[in-house]
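Down below are the structures I want you to see.
Each of the next two complexes has chain A plus one other chain: chain B in the first, chain C in the second.
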Partner chain A sequence: MTWLTEWAGYLPQMMSGLGVSLLIAGISIFFGYPLGLALSLMVTAKNLAVRTVGLAVVEIGRGAPALVILYLFYYGLPKFGIAFESITAACLALTWNSAAYSSEIMRAGIQSVARGQLEASNALGLSQRDTFFRVIMPQGMRSAIPGLMGVAIQMFQGTSLAYAIAVPELMKSAYNIGSQDFNYLQIFTLAGLCYAAISMPATWITVFFEKRMARHT
Partner chain B sequence: MTLSEIADGRIAPRFGIKLDNISKRYGDHVVLDDVSLHVEPGTVTALIGPSGAGKSTFLRCTNLLERPDSGTIQVGQHTIEPGKEVNSRDLAALRRTVGMVFQSFNLFPHMSALKNISFPQQKVLGRSKEEADERSMQLLERVGLKEKASQHPGRCSGGQQQRIAIARALALDPGIMLFDEPTSALDPEVGLEVLAVMRELAADGMTMIVVTHEMQFARDVSDTLVVMADCKIIEQGDPRAIMSDPQEARTRRFLRAVLER
Partner chain C sequence: MDALSAVLQGLPMTLMLTLLAFTIGIIGAVPLAVGLSSSNVLVRLACRLFVDLVRGVPIIVWLFLLKFGIQIGTFKFNPVGAAIVGLGIVSVAYLAEIYRGGLQSVPRGQGEAAHALGLGRGTTFYGVMVPQAFRIVSPSIATYLTGLLKDSSIASTIIVTEMVFQSQAFARQHPTVEGILPYIIVGILYIVLSLPVAYLSRRLDSRMRKAIYA
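For the complex of A and B:
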């Protein structure tokens, strides 16, 4: 009982932290997915220069830990006279991260579209543009949805890294509360439950979508 | 009103097609070896032969889904030399004139039957949505699938999907229709409904080239039977004559395999 009453007392501060976490996750997904689509197109482009740039951005985004990129943005770039607020740096680093991961999922989705769809579009005389945006992409994106939702959950959990550059997100709130009266066990349990309260329903929705799509194919 | 009159709005000029000296190889592997075929306007040509003979590849060269290494393609007044650079206007004109139906239907699964037929009309011919939908409904009615207009392809049987695919190709007013084993993916009974639509189209005078294993259809409907084997046309002519008295040993062997089973 005491845990519950204490948790109730912590909740307002935790909620504001959760709000910041959701904001960072939302921004990195909102900008990350369109960038991911652009990157997936670059990686499959015919032009070697475009393909190389795309590959480099994707491979760094996936290969380097998000924390390293975060530090580079926050501590590294000021060296070149580019300084960000901590929350901006967090959004930029996680956007890169989500763009890199989502681009691979979208590329796989687009490449999974049956070859016959392209042939039918060609035989009908549809332009390349219409073929891609109206025939191939809608189908590719449909099969990419579960993977993209997975990236979204991963991004939300990844916002906890922003704690390392003092962004007042959920982990930072928890740590602040914990350092006041050393109830670390209680407060981090609560923090874990807050992350789970968002991530688990999101996972269920993903599974629901996967099942629904399996039924239609 | 007949199917092809609906297809082209009015009695449109029929196109013939002349394919000359078409060759195609993948690396060292020859697929088509100097193949020529002339198809008169308003006639039906059936392409038969053992698998691997190059029938489908040859058909797909006709609308450049497959790019031949050399040869010429003449449709109407357009002459295309695929071995050289083909400009996009010639390619667009060729594909506008030539409609194609695939073995695996290749309908767009994320669009309703109606949208499948209307969308290309709007994009390729610039028809308004209303014009396109009206034409689509006429064609759907003619292939007996008016009630399926709002359904997605996944909700239709194979035979229904193939008939929708035929309507989709006809909606662009093609002068020539290519069929690449249109019934091979279908149950024999279901295939009949597709063949019925094709017979009707042939009777209306559509120029058609059909790659098929349906010997009955080839014999009854086609004006010219073309037998391909080993990357070449080995025999062509009147379908009944060839089927009853093949001149080539290879034709005889193939026909015995498909007719006497």
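For the complex of A and C:
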């Protein structure tokens, strides 16, 4: 039980770290989803140049480890005189990551909309824009929801990598506390529980949505 | 290309971490997947809690917990050991979930038919259910392997000398513009390394599809 009382003492410092983690995750999702939509449109565009650029951005964002993108922004770009604060670098890297992942999910969602919907809209004389934004996208996005929630959880967990560039997020707070008293087992267990306390319910909600969606299709 | 050769020094370690953790996962996930689809509620809930808990905690936390937190007598994990065990545990949880999905998607009738034919429980499971489930999940397993390859980069944070660690070391020694090269190279390397896995999975997938519908 001594663990619990000590945990209670650590909690304020951990909570401020958790706040930073949630902020980074929130920003990367907030900007990542719209960028992801734009990327998914670029990847399916008719123009070859647009398609190639879109594909490259998506493939690097998904194919390279988040840690590498993080280092590229934080340690790599300053060598060209472009320097970011650590937290900005973390937000940029994770935004790229989440945009790349969500673009694939949105593309799959949009492509899953039955062709007849497109043909019906054409037959009804809807403009291309209305067809996309009012017919195809609303239906496609619906089926993308569970996947996008999964990306959000992944991004929240990904914020722990920002520890590596000394962003004062949850993992960094834990490490700082641990290196004072050398009670690493205790503090990293607490850190793990903090992450799990958010990730686990979020996963359950996602699974619930997945099942509900499956019922309606 | 100094940067390339510096990064490549970490390649064997990256491959070793990935393959050992993957092996632990592939084997360890079998009993867990069976537990996840057990008819005993307690067993099922315990396995579910384990899987969700392991997946709910970021990999870097597992690595630090093992590297710094575990001390049994005089035993402490060295960085490589902690990385292999940490990535292994996480793989067990993710792959168990993939296996469970596969087992669940095998039509119930298959099990019932095997039962009706008088096959034993072991034969039904390993001879009827598992081969069909494997066909369904083999692309997911390949996707997980490429994910694991990328996740092995996190081991650099506990000073395992894999590719990202080597990139860092090179970049520190080259404060000039050249210092950005290793990060670009290592990023491309991860993508290149995952190409054969993706190719293999696509071939495996199409072959298995043929096998099912032939």
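Here, the second predicted complex is superposed on the first by the 217 of 217 C-alpha atoms of A that agree within 3 Å, B and C clash if a C-alpha of one lies under 4 Å from a C-alpha of the other, contacts with A are read in each partner's own complex, and residues count from 1 in each chain.
Here is the rule we go by: contacts are C-beta pairs under 8 Å (C-beta built on N, C-alpha and C of every residue); 3 or more make two chains touch, one makes a residue touch a chain.
Not measured: the values here are computed from a predicted model.
Under the clash rule set out above, the superposition-derived model of chain A with chain B and chain C shows the two partners fitting side by side. Vectors from the Cα centre of chain A to those of chain B and chain C enclose 100° in the overlay, to the nearest 10. Once chain A of one complex is fitted onto chain A of the other, the partner contacts of A:Ala196 are limited to chain C, with no touch recorded for chain B. Using the contact criterion defined above for the overlaid structures, shared-chain residue A:Gly178 touches chain C, although it does not reach chain B. In the superposed three-chain model, the partner touching more residues of chain A is C, compared with the other of chain B and chain C.
In the superposition on chain A, A:Ala99 contacts neither chain B nor chain C. Applying the stated contact rule after C-alpha superposition, one finds that A:Ala64 touches chain C and leaves chain B untouched. When the two structures are aligned on the shared chain, A:Val20 is found in touch with neither chain B nor chain C. Contacts of A:Gly116 after superposition: chain B is touched, whereas chain C is not reached. The least CA distance from chain B to chain C in the superposed model is 25 Å.
The interface of chain A with chain B does not overlap its interface with chain C at any residue.
Interface of chain C with chain A (complex): residues 52-53, 55-58, 60-62, 64-65, 68-71, 150-151, 153-154, 156-157, 164, 167-168, 171, 175-180, 183-184, 186-188, 190-191, 194. Against chain B, in their complex, chain A makes its touches with residues 114, 116-117, 119-120, 122-127, 130, 134-135, 138-139, 142, 216.
The touching residues of chain B, counted against chain A in their complex, run 63, 65, 92, 95-96, 98-100, 102, 104, 106-110, 119-120, 123-124, 154, 168-169, 172. Every residue of chain A that touches chain C in the complex is listed here, in rising order: 59-60, 63-69, 71-72, 75-77, 79-80, 157-158, 160-161, 163-164, 171, 174-175, 178, 184-186, 188-189, 191-192, 195-196, 199-200, 203-204.
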